[in-house]
Structure formats: structure tokens, C-alpha cells
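All chains are identified by letter, namely A, B and C, in their written order; residue positions are counted from 1 within each chain.
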Amino acid sequence: MKNNLHALWQLFFGDSARAFGSASVILLVLLAVAPAKNYFSEWRHYQKQYLHLIRGRADAVTLERHFQGGIQQIWIPEQQVTDRCTTCHLGMKEASLADVNSVAFREHPVIPHKLTEFGCTTCHRGQGAATTVEEAHSATEQWEQPLLPAKYIEAGCGQCHLENQTGTPFLNQGRQLIVSYGCTHCHTIKQGDGIYLTPDDDPPSLKHIADKTTREWVYAWIKDPQAYAGTATMPNYHLNDDDARDVSAFILAQSTPLEPPLQPLKADTKAPADPAAGTSLYGQSFCASCHAMQNAAGMMVGGNVGPELTGIGTKAKPEWLQDWVGNPSHYDPGTMMPHYRFDAQQVVTLTGFLESKTEPDFIANVHLDPATPEQIEHGKRLVVENGCASCHDINGIKKPENFAPELSRIGSKPLNQLIFVEGVEHSLPGYVAGKVRNPRAFGPSLKMPQFKFTPQQIDAVTTALLALTDRAQSQPPTMRIASVQQTRYQPAGNAGQLMRDLRCFTCHMINGHGGDMAPDLTWEGTAVQREWLTQFLKNPETLRPALIRRMPKFNLTDAEINTLADYMMTVYQTPEFDRDSLPVSQFNPAQVEQGRQLFYSKFACQSCHIADYKNDKGYIGPALAATGKRFNAAWVYHWLKDPQALRPGTIEPNQHMTDDDARSLTAFLMSLKSGGAQEATKK
Amino acid sequence: MTDPKDFVAVVDSDVRKTPRRIAFITKRTSPQVHVKDEERVMTYPEVFFRTAVAIQVLAIILVVISLRWNAPLEGLADPMHTPNPAKAPWYFLGLQELLHYFPPVVAGVLIPGLVVMALIVIPYFNINIEAEGLWLRDKTRRLRIFGTVVVLFCIFLAVFDVWVALVPTLIVAAFMLLAAQTPPQITRGFRGWLASKPLSFWIMTWFLFELVVLTAIGTFFRGPGWSWVWPWRT
Amino acid sequence: MANTLDRLADQVRENRIWRSIFRSGTGESNLHRALTVQQNVFLHLFSVKARKRTLEFRATWYLGALTFGTFLILVITGILLMLYYHPSVPQAYADMKDLQFVVSSGVFLRNLHRWSAHAMVFLVFAHMFKVFYRGAYRPPREFNWVIGVVLLLMTLLLSYTGYLLPWDQLAFWAVTVGSNIASAVPVIGAKMRFLMLGGTAVNANALLRFYVLHCVILPFAAVVLIAIHFWRIRKDGGIYPGESPAEGDAK
């Protein structure tokens, strides 16, 4: 045996020439391994599988004709896209492969974008250039951006689409949460279009906090805001008892009295005459349009524009409540709350009603000794360290700048710049979601507080954050679909002063400025009749009784109503047509009758609208029974011709009516003047 | 070294037949120098094929490595994102390690410059030509000089906190002392071998040792912020 | 079988074209073999005969030859890689991706080039220390030692310039670190760095400069120096035979 081996060795390596020959052969064989490896590469394997799959199908011939072997590539230089995904994902465009089990070969779900114009990685991320499964999909040493997990896929859309889209509810929700939870008080977020996200949570100023509430309440609140109100957006800083004691001491100590000072409580407000009167006034004033309150059954009823009022009696001092109800601007000039014109009795009634809404348990166990100067000093340091002034105005503390990391490109953050902790998935989405879920888990010394989010909200916020990528920042502007930006429109003159005092823009949008809770009033002057408008401003409560959110009654004087009506009728007109261009006198009964026919048969309007309360059951759109009293005929006519032209985004279908049909229908609608109830709205 | 008492230099006269060569004959060697033509082989094919086979074996190893392990490639260069730590290629990591201790002028310019200068001048100062053991003569004086130099150098390293360079220095110094303590009669074995080593051997060995240690530390034991990490604890 | 092969080989070597290239012919005699070396422009850098002792593995560990071997591999793979490489930003990096994923055996070529480069740096150092410990730098070989030191620097520069070419994070920051060291040189440091990078930062200019250095200037210089290095081995008396000839004779 040994001899044989020796002989073999001698044969191949016996002298240097033989060794040279043998080594050459070995080297050549090894060199041939590289091309062989190339030949047996993964993508060829998948192409064979695909061919095998389609050969068993009915439309094999068509599919095979579409099949192209070799490495496929979508190359879009201006977007830095070199995507070779279609090398293996061969069935992307084959409609007949929609039912295939294997994700690899299934048809891509129908989307409004063309594969050849956007590529794959633009939305899905991953490494487009790669031709192996591992490299293309996963995060490797060489590629930091793995495939986006399916639940965050809307982040892909959010890179270009800065506006709200119906197809991306998650993304929209996440963006809304980022704004309404005030993330951008501390974190700067600059979107791809260069616009900075601004928070709309409107945190209250603390400069006069001592006028409003007690130190005990402040202490309990900063310990756990959600214990006071489940809907509170203020995060939890997990302060220990001593720190909360000192912070509350400082917060109260820095407060200065209001100028002019609060009025002493009117004698008879201590015991409100009639609790029912308070409930009734709260309802009549439509406080619930903006404020939520737990009812007897424990259900939360009301809007989320203002703070929850379930325990307001525990929080607010009676003097402050009285002042606030009388005129909110006195305490907070920037408040979104309108200035109701309550008379003295109403103020007393409402204050008493609100005072009775208490949560005594909230501060029952809070006993604080008077603060020492050291505690106040320590509290101030804590307030500075925790960045309280990022959100709240505090006397003697400036709003910190760049308090938290900028998040404008968080969606492209390299993994090696992140510090992971146990329990957090080692990926960018895992990190972001972990930070949103429980920021303090990343280290006890971190400052970011704990927000109260549901798991679904966490995913939504993560989706919105993951959309903030390098690509979003650097892509050509033509790729970008801008979000609707608020204008800085302000009405002028006395009427403008009045509208600001009434905070019309909290709910109404005019010329691109304002809220979206109530109808857009930009062209209200063209749409409605002056008489109706004055009547409505005087007594708006009858409109839309089925909704919680309604226009409140501000108790305006006749002079104020005239000012408002004059201004609106004069200024808020569309330049497209004249509101008096279609006098009602033109219409004849035949037209009205023809319109009725059109309404009930040709266009079947009654499926959504009500023209006659006795017979019609359409509740999708607004009731039209009082159209003749409310609207101008010209507006109705143009609305029927093209609703979207007057109100972009309305769900009223454009029926492409002929001029005659529209005219007849207008004649019919203008004949509807249902007496007592003005049940018509614009929508 | 030109002292005729020590040894005699002889130049072989037949430069046409064999290359010029110098023999240094010290007193301790036999005065008779036995010169004989060595066995020689033809460059072609013997040297040629042997070299070729050696290169081929190396190529085979490299090809196997290349088939098995991919060369590193990280993300696209991004001047905005500095990796931590930012490391130079491995053969410069010894230098980078020194940069951690000394100002750039010293670690980045002075030390490498001196090393290159030293390497160039080695053959011109007849270093190691004697190839005489460092401690064979004049031991007391040399020990004194050696001690002073080592202690001063170690203090210098300690002042700059360069412990990683200090340890190899001490180890080499310890071996030198061991060699110095070797009785002259021992000429065989490890100690005999140590005792026969000249100064140049010690300096070069120290340099090699430092080079390997510093490079290894820079490569494996340095993490974020050039802090010390254990490679097996990642 | 063997006879047939031999005859075939003979026929090739007796061929007129073959003879016009290799004039020495097929003889087994030392004259023929000597002529093979003398008449070959590359081989004539070496002497016709070598001491048998110097061919033993323990004499040199073949470190010089192996270093030269890595250099050959690097030249070959380097030229092939140049076919796929654009020294521009950020195309250079995209080319790395293409090499990895699309070019046939591209990743193998790059691996071989990269690992051989590391091997060469290592072997150059090893060669140097081996030469030192054998004492092979002593006169008359002192100048060849100096050339060797220059070749060491040349190898480091070749490797360092090549390090930047993939234009990835590793490359960029390694070169940034290195070039910052250069600026520590007193007085002319900043100027040196500017000259080296073709600007004040590692950018497209630096990439182009490193590319030209890596693919043209340094390899050319290295080839010339290697030729001199080899030539001097012969002129300085062949590979150093060892400290004591007497010891060799004793065997």
C-alpha cells in the first residue's frame, strides 16, 4: 500500500517537470470551478422552476413566448434603480398567474404604477442589483436595506406621496399620529419637499398654570397623564415620586398671575341651581363637537379637538373655569376654542356643570409638603433635562433646539449606527417600532418618554417614519406628489376680527386655511341666500341633528351677525359664475315637474338624498327638502353640472347632465321649501 | 572591526569563475578555510520548474480561498456616515494603533520614516556582519548600556500609556537577559542559540514582534472609538 | 501511449515555427539548457546555473518566488477587472455589484485579486524578515536589499491605492484615515495630501488619481524594480547560500 502511494507520488510529483504538469492540471481544474459555479447559479435554478411551472398550464405557449432567459434588469438611472428582481420573479406581468401559490412567480397585484417606470426596490427596498435570494432580500454586511416587511409596505408609497391617499390608511394614520402627538416638538422632520412637519397638538402654556390648577393635580398628572384622561396625548416620563414632587414644585413656582387677574367666583356659582340646565347648555353649545366626556355608561362621547372633560372639576379651579368659559382667549390667546357669547347666568351654569365633573380618586392620595427652594431648583433642572419646554411655554426656560435626533432620513438609517437591545428585532423596522413602543427600553438614561399607543398605532407610526428615506429626500421633484398645505389666509377687517374671536378656522376651511371638521366656506357667499345665512348664524342648532359634531350657537348679537353675513356674502364668492345669474322666476311648473321626474327616476337621487321627509329614505347625502330656502339657483345648477369643480373630493357623482336636465332639476330643488326644519345642507 | 587582531579579511581573487566573496575569519574559527566548488544545477529546468510549482501551489491555495470566501464589500461610500471605528487596511493598523497614543507627527511620520530609513541603512553599517553573540565580549559594559536603554524606553512608553508596545519590549528584553546569563560553555540548545545572537538580531526581532502585536491588536482588538474589545465577544 | 505523446511533443518542438521562437532546440545537454536560459529575454535575468543548496526549501522558503507569483496573479486578474471597472463616482460601486451579480465569474476574479493582494503584502514582509534573519542582505547584496525595501513600499502603495477603488464604506474611510496621516507631515503635509487626493477630500478626483496610480504608474515602477531585483540576484552572486559554506560542505 505504502509502496503504491509512493509510486503514485513519484508518477505525478517525482521530478520538478512532472510536479509542474500535475500542479498545472490541478490549477486548471480549480480555475474551471468558477465558471461552473456561475453556471449553477441560483437564478438559473428559479428560471428552470418557472419554466416547469408554466409548461403545465393551459396558456403555456403564450407564457413561454413571454419568457426570456438570462439575467433581466429594470434600469432607471435617474432614480438609481437597477433592479434584477424580474430575473427570478418571472410572472410579475402575467395576469394568468394570479393564482399561483409560489410568491416568486405570482402576478404582481394591480397597482397604478408600471414596473418599467418605477422598478421594484423603489417601493419594496432590498438590493435590486443582487441575483441571489439572500443578497436581494435580506440585510447583509454589504446591504443595509432589506426588503420592507409587508406590514410596513405603505412606507414605500409615502416616499413620493406626501398627500393622504385612500389606499394607504396606515401611512395616513401614522402621519396624523406624528403630528397630533407632537413628535415634531422635539424631533425635526423635514419631508422630501422641504416642508417641515409641524405638530398640531397645541400643548398648553404653563406660564400661568397656578391660576388654572393645583400642585397636587400637576403632580398626579406628570406621574401618569393617562390616569387622568385616557385620551391624553401627553407622554409618561416615568418620574419617581421625588422627581415628580420637584417638577410640580417648579412648575407651580414659575407660574405668574394672569394679567388682568382672574375674577373672584360669583357668589351663586358655588351651588348651581339646576344640574339639568348645565347638561342642557353643554349640549346646546355643542361642546361635544370638540370635547369628549365619559357618560354615565362609561362611554366616551365627543370630539378630540379639545381635551377630554371627564374630570375637569378635579383639574381646573372654579375661578379659572369661570374665566375660561367667559372668554378662553384671556387665559390662552392662541387657543382653538371659540369665544362664546354666554351671559352671566350661562357662565355660572356651565361652570357649575363642569365643576361637578370630578375624578376625586386621581389626587386622593397626593399629599405634598410646601416646596423648598432646593426642590424647586432640582425641579427646574429636571424640566430642562427632560425638555418640557419643547412643548410647553415655561417662564424662564427657552425652547430647546435640536433636543432630539432629526428623523428626516430615519427610514434609511444604517443599521450599524443603531444600538439594539435585547428583545428588539435586529432590523430598521424593528428598531423604529421598538423605539415608538417603549423608548426607555433602549437605556434608562434616554430622555424620550413613553407614549400611549396601541400596537396598531405603533405600526402606523413606524410606517410613516420608514417612509422618510434618502430616496424621498433626493429623488427628482417631478416624482413627488405634494401634500395639501395650509395657506396663511386671514380674513380682514371687523369681520375678520370676529371670525378669529369665534375661531371659525378651528372647524371651517376658507381659502385653504382652517380645519376639515365643517364645510369649506370659501364660496359660501355664492352658494347660499343671505337670509338663510343670518337665520343660521342666529340659530344654528337645528342643522344636522343626527350628528354629534355640529355648529354651536355662539349667541351673537344682530350687529355681529350682520357683519359676518355681509362679509361672507361679499367676499366668499366664486369667480366662475354670478350667484344671481339664474333667477328662480325663470322656472316654470313644467320644468319643476320634469325635474321631479329626473330626481326620482332618471338619476334616482332619492337613494342618497331626501326631498320629501314623508317618502324618501336616503341618508347618505344631506337632506334637500329646504334647498329653495338655503341655496341660490345658480349654485345648485353648477353643482349638478360638475360637483367636483366646486368642491374637489366630494363623493357626489358627476352625472354629466345635459344643460336642460340640470336646469329642470334645479327648478325642482329650488321649489323645495320645507317649512319649519331647514333640513338642507350643502353636502 | 578592522582591528587585525580580531580577524582577517580575504578576497577571493578568481572573480571570473565565482562571484566575489568575502570571508571573515575570526580568531575563534580555524584559520584554515576550506573552499570547494559547490554542487550546482541548471537553472532550466530545475530552478525554473521548482519555482513554477511553488507559484502554482500558492495559486491553487489562493484560488480555493477565492472560491470559498468572498472579498468584503460594504455599502456605497458615504462621506456623511463615518463607520466606527474607521480602520485603515490591516497592514497599516499597527501605525493606526500608534496614532492612538502618539501625536500624528510622531506616529504617522516620524516612526514609519525612521523604520524605512533603518531598513535601508542596515546593510551599509556592516550590521550583523560580525554575527557575533551580543554578550560574548565586554558583557558588563554592554549590560549597563542595554539596561539604561531599556529602562529609559520603557519609561517613555509608560508615560504615553503604550502598554501594548511595552509588553513585547519587556519580553524581548527578558530573552536578552536570559542570553546574557548563559554561561559561555553552553553553545548548544536553545540557550546556546540565544547566546549566539548579535544585537541586530535582537533589534529586528523586537521590531517584528512589535509589528505583529500592534497589527493584531489594531485588527482584532479595537472597536468603536478605538476602544478595547475582545474579538470573541461580539 | 507515452511514446506517442513524446513523439508528438518532439514533432512540435522540431517544428520550424517553434524553432524560430525557441532556438535552443530540444537537447537534454547542459548546453541546450544553458541556451534556453540565455536566449530567453525573461530567463536571462538569471544565471545559467544555481547552487543546489539554495534551492532547498529551508533556504528561502521560496518567499521571493511566491511574492512574484502573487504579483503575476494580480497583474492578470487586475487587467481582467479593468475591463469591468469605471473609476467614477458612484459607478465604481455599481461596477462592484455588477461584478458580484452579473459578470460571469466576476466575483471570483475580484476575490482572487483581493486575496492575492493581501497575500502579497504578507509575503513581502515575510520575504524581508527571512532575508534579514539569513543575513542575505550583507555585501555585496546591500543594494538589492535597498531595492527590496523600495519594493516593499511599492507593494504597500499598490495595495493602498487599490483599496479605494471599490468605493465602498470600507474603502472610503480606510483611505480617509490614511490620507489624514499624510497631512501630519510638518510644513508640506497639507500640500502632500492635496497632491495625493487631487483635492482636499476623498472624492471623485482621488478615485481617478488612485486608479491611475494603481493601474499604470505603480505597476510599471514595480515591474522595472522587480526586473532589477532579479538581475541583481544574479549579479550579486546568486541566491545567498547561507552563513557558513563550511557547514554546507560537512553534509
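What we mean here is this: a contact is a pair of C-beta atoms (placed from the backbone, for glycine too) under 8 Å apart; a residue touches a chain by one contact, two chains touch by 3 or more.
Computed from a prediction, not measured in an experiment: that's the story for all the values here.
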| item | value |
| --- | --- |
| Intersection of contact partners for chain B and chain C | A |
| Which of A-B and A-C has more C-beta pairs touching across its chains | A-B |
| Identity of the chain that, by mean CA position, is farthest from chain C | A |
| Most centrally placed chain, judged by C-alpha centres | A |
| Geometric centre distance via CA averages, chain C-chain B, whole Å | 22 |
| Centre distance in Å when chain A and chain B are each reduced to the mean of their C-alpha atoms | 68 |
| Rounded Å distance, chain A centre to chain C centre (Cα mean) | 64 |
| Touching two or more other chains - residue numbers and ranges from chain B | 45-46, 50, 59, 63, 66-67, 72-75, 81, 83 |
| For chain A, residues that touch 2 or more chains besides their own | 34, 37, 142 |
| Chain C: positions in contact with at least two other chains | 100, 108, 168 |
| Chain A-touching residues of chain C, taken from the complex the two chains share | 94, 97-98, 100-102, 104-105, 108, 168 |
| Contact set on chain A toward chain B in their complex | 16-17, 19-20, 23-24, 26-27, 30-31, 33-34, 37, 141-144, 414, 416-417 |
| Chain C contact footprint on chain B (complex, rising order) | 18-22, 33-36, 38-48, 50-51, 54-55, 58-59, 62-63, 65-67, 69-79, 81-83, 86-92, 95-96, 99, 103-105, 107-109, 116, 119-120, 122-124, 128-129, 131, 201, 204, 208, 211 |
| Chain C - residues contacting chain B, complex | 30, 33-34, 36-37, 43, 46-53, 55, 62, 65-66, 68-70, 72-73, 89-90, 93, 96, 100, 107-108, 110-116, 118-119, 121, 125, 128-129, 132-133, 135, 137-142, 145-146, 149, 152-153, 156, 159-160, 163, 166-174, 176-178, 180-186, 189, 201-203, 236-238, 241, 243, 245-246, 248-249 |
| Chain A-facing residues of chain B, complex | 45-46, 49-50, 52-53, 56-57, 59-60, 63-64, 66-67, 72-75, 81, 83-84 |
